[in-house]
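Below are the structure tokens for one structure; questions will follow.
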Amino acid sequence: MHLVLMMILQRLALGVLTLFVVSLVIFGATELLPGDLASTLLGQSATPETVAALRAQLGLDQPAPVRYWAWLTGVLQGDFGVSLATRRPIADMLATRLGNTVFLALYAAAIAVPLSLILGVLAALWRNSLFDRVANAGALSAISFPEFFLAYILIFLLAQSGYFPSMTRISPNMSLGDKLYVTFLPALTLTLVVTAHMMRMTRAAIINLMAQPYIEMARLKGLSPLRIVLRHALPNALAPIINVIAINLAYLITGVVVVEVVFVYPGLGQLMVDSVSKRDIAVVQAIALIFASAYVLLNLTADVLSTLTNPRLMRRK
Amino acid sequence: MTRGAPLLTIRDLTVEGHAGEDWQPIIENMNLTLHRGEVLGLIGESGAGKSTLGLAAMGFARDGCRISGGEILFDGIDLRKASERVKRGLRGQRIAYVAQSAAASFNPAHKLIDQYGEVPVLKGQPRRKVAAEAVALYRKMQLPAPEEIGFRYPHQVSGGQLQRAMTAMAMACRPDLIIFDEPTTALDVTTQIEVLSAIRDIVRDHDTAAIYITHDLAVVAQMADRIKILLRGREVEEADTRTMLASPKEDYTRSLWAVRSFQREVQPPATGQPLVSVQGVTAGYGKVDILHDISFDIHAGRTVAVVGESGSGKSTAARVITGLLPPRAGQVLFEGVPLPPDYRSRSRAQLRQCQMIYQMADTALNPKLRLRELIGRPAQMYLGLSGRALDSRVRELLDLIELEPDKFIDRLPGELSGGQKQRIGIARALAAEPRLIICDEVTSALDQIVQEGILKLLDKLQREFRLAYMFITHDLATVRAIADEVVIMQQGRIVEQGPKADIFSPPHEPYSELLLSSVPEMDPDWLNRLLKTRSLPGL
Amino acid sequence: MGVVVFLIAFVAVSIPLSWAFRAALARLLPRDMAYAAGTMPLTAAFGLMVVGLYVFVALFAPLLAPFPERAVVGSQFQPWDSTHWLGTDRLGRDMLSRLIYGARNTVGIAFATTALAFLVGSLLGIWAALRGGWLDQGLSRFVDALMAIPSLIFSLLLLTIFGTSVLTLILVIAAVDATRVYRIARSVAQGVVVMDYVEAARLRGEGTWYLIRREILPNALAPLVAEFGLRFCFVFLTISSLSFLGLGIQPPTADWGSMVRDNATLITFGDVTPLLPAGAIALLTVAVNFIVDWQLYRASGLKERI
């Protein structure tokens, strides 16, 4: 037990370190800029005075480590600074949008995770059957489609005829049912993409597992197929399945950006795309940090959970 | 001996495997009869179809295989026609299976005793009774701490103990038939003895019939009442054990027996300066020392066999000599001059002197290079040959290893048999015109007949070029055949070394005694005698 | 309903076409390749056929397109007719011509990016696996840190900083993708480096370049080629998504992602034209995936037979 605790603490420490490095990369990326942020922002027509003024305002006259420290301590207290484009505090801009994005991602995950696990396990059990082939071809196609293509196909099929709205306007005082209805199409788009990935990975993990000698042994002991799956395969499948889920929830983060733009959904992704075209680096940095942290934390959770399900690690010699 | 109806009858069995687009037979027209309480040994080289036959006796075919013809009658039930339900009822209860690798065949997620009890408890036996029986069986199998070992997980138990626990698990429902599929192949010889004797006793005591699958003749001689010999999916011959050992009928069988007859001429004692001298070497990886202060010499034109079980450090010693692992202390002298410890700081001339031949020819030859480049590259590098000179040198080398140059020079390793690949490994080593060749288990991956060819070739080359061999092996039969000097290693230390004649005759060091006596002999009474002599001092 | 009919018709047409294509390949190719071509699954034949078609269109775009890439040749949003087979776009440019030029621009840029990412990533990965030690550790930890940021997010961040031009797009995506290639190439090469034949070559005194060129690369090639297909799909989808977001390939260059974005309003009116460039993206990705699947299956199938 003691050893596992050490291992988990080690993982947590590594996670914190990773987060730190990520923040360093996200902050440090601006330093790669050829020339100077202020003059880039103002363009070539700017006078030296306005550039100098902006530099002072952005704190660019201070050395990079000082600015990084100020930024990091601010972020840890929930203060992301001020948007370069709108001059509003970034934290205010993020607040409701973060909630919206999390809502959409959870909505998609709630459908996709159980669906893809069931499909993946079935495809693995009925390997090379018609079901397996159709599911595989379908998944392969869904993976190959750009998210916006799926989104527009759904709009074309379901929104154009008026079943669901193609633009998602949500307000805080909507009932949960209304919210679920309005956000159905973006959630479905994300679900399709993620389910395809997750199903394929689950199938591969299960097939890999079913080829293990101890599964053949269980069959030679005359156990029923159901018992083989539940008692002999499943306990060993937890770790790979946890990893599959984590990878795909992390994938939602990327998917959400495009889907939010298509459906004009007021979330972080849409804000990020807007800010990129305005070259509002402060906002982009803040959102990138949030997305990256979510990604790191997901992987960390998966890591810890799969450690806890591994009997080899849980009970040492 | 009066016998009732046979327990297992297999008639005209054909099993096919999926190969690309079509089905290829793995076993053809196989017949087999087994009576209650009888042990049948199945012998064959890799690819002979022994495991497939063993599994077919349970009515089971692996994925990608199918039983396509014949009959399998177990106690009157035709397993080919029986429903899955009926077969499931038989498996585990009346027919049990013991796999080659117990470590992989136990489920890592459950305790040993839970896996032991799975079938009996499912069939309605009370848990307590099953647990008590498990402990009794564990004790009978001479497992340490029989009351507790069942509550461990597979990864907490050693390989030899796991193999015994798996035999106990197979015994759980007191089956009529157990299939043993190479149960000791993955074990060291000293561990093998314990498992063999435990398996034999328990099968006898319970009067269980068994099919014992192995490629090792000496092992099967101890275990089986009758022996059946397979070659490429067909039966060669079958007879009771003593008859088979004393007077085999078929040429193929006799050739299996003959392998162990090769014997290198006795050489006069070595004198003068050794070619290679390993002096006080201590080496290891990370913080762990694997070799502790080892010293030995190799003389030109002679073979030093380095013997030991897995983990004894024999391959590590080779890595120190080649410079892959610089030692922590001690040095390696070549003709009296110290070699730089790291191969990267050795000169080309120094690298050339010492060549290696590897155990797995599959991984030792780059599969994407043609033999011309594989063999030619050392000659090109060290001797500066090119163009026609290189071509004729490669042909000369192919001649030396008895492969027809015109036929082979432009082949890829994938187009060769296992024995031919190993010959190419030898040719590549020769191409550098070295003084010392390190042979790392070069024959252990090969079938027995092929082994003999390789040993003879090595011997011929040694006489022709006055080569020194450092021959690493765990197989004492090979040592007897080719060694001049023997070095016995255990846990990174040299236990005993000296001329072959001295090592193989008493008195022995205790570990050498244990190791030498553990090597199975073809005599069917060998195990009995050994167990008797071993138990004497303890009484 | 229309979609279902279209799908059925599409499948019904592609099956005999792929079949004929496979038969033709088996007949025309030299003997050693003909066997592989003759036994490949129909999906793979379909994939090869589609990829071939795209390459053809990309190479001969100026000859095939009825109108120039950037010229305004009609009024806005003209419907499909005999002059403008697929109508015109928001500015009155010919849709079909832009679709054809898009093959050249979108696919070309994605291919160049993947090739760049592969060159950098795989050489570094193989080198790290071969050298081991601190070089491997240092490079790998650095790549791990970069990979802790989702690739699209990282690309967006970099594009904000460097601005959106085709060159920065290629460099940014290639840099982000090279980290993934590095990982794969390193692990594939590590599998090869532990082989005895590499040890034998090292003990022979071979130099790093010989080891990479003759010992490692030939044996790492098959998985790397399959990976190239997968990475190409990924890069292609990323660039298309970025273009769709208005952050990738910039107007007036004809590009499939931005064509969808520019004409998306038509979809809500029940016009499928904007879906065509998106379909073109999807079709190519599906095709490449089919080929990769076949190659992976072949690689694993050969392993089983040994």
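Labels for the chains are A, B and C, by order of writing; each one numbers its residues from 1.
The criterion applied here is as follows: a residue touches a chain if its C-beta (ideal position, glycine included) is under 8 Å from a C-beta of that chain, and two chains touch if they have at least 3 such contacts.
Please read these numbers as outputs of a predicted model, since none were measured by experiment.
K.L.:
What's the farthest chain from chain A if centres are computed as the mean of the Cα atoms?
P.N.:
Centroid comparison gives B as the farthest chain from chain A.
K.L.:
Could you tell me which pair, A-B or A-C, is linked by more C-beta pairs in contact?
P.N.:
A-C
K.L.:
What is the distance in Å between the mean C-alpha positions of chain A and chain B?
P.N.:
Distance between chain centres, rounded to whole Å: 50 Å.
K.L.:
So how far apart, in whole Å, are chain A and chain C when each is placed at the average of its C-alpha atoms?
P.N.:
Each chain's C-alpha centroid was found; their separation is 23 Å.
K.L.:
Where on chain A is chain B touching in the complex?
P.N.:
Interface residues on the chain A side: 211-214, 216-224, 231-232, 235-236, 311-312, 315-317.
K.L.:
Under the definition above, what is the set of chain A residues touching chain C in their complex?
P.N.:
Against chain C, the touching part of chain A is residues 18, 21-22, 25-26, 29-30, 32-33, 40, 137, 140-141, 143-149, 152-153, 155-157, 159-160, 166, 250, 253-254, 257-258, 261-262, 272-273, 275-277, 279-281, 284-285, 287-288, 291-292, 295-296, 299.
K.L.:
Chain A touches which residues of chain C in the complex?
P.N.:
So the residues of chain C touching chain A come out as 3, 43, 144-146, 148-154, 156-163, 233, 237, 240-241, 244-247, 257, 260-261, 264, 267-270, 272, 274-275, 278-279, 281-282, 285-286, 288-290, 293.
K.L.:
Touching chain C in the complex: which residues of chain B?
P.N.:
Touching chain C from chain B are residues 19-21, 64, 322-324, 343, 346, 348, 351, 355-356, 358, 360, 363-369, 373, 377-378, 381, 428, 432.
K.L.:
Mind listing the chain C positions that touch chain B in their complex?
P.N.:
39, 195-197, 199-206, 214-215, 218-219, 301, 304-305
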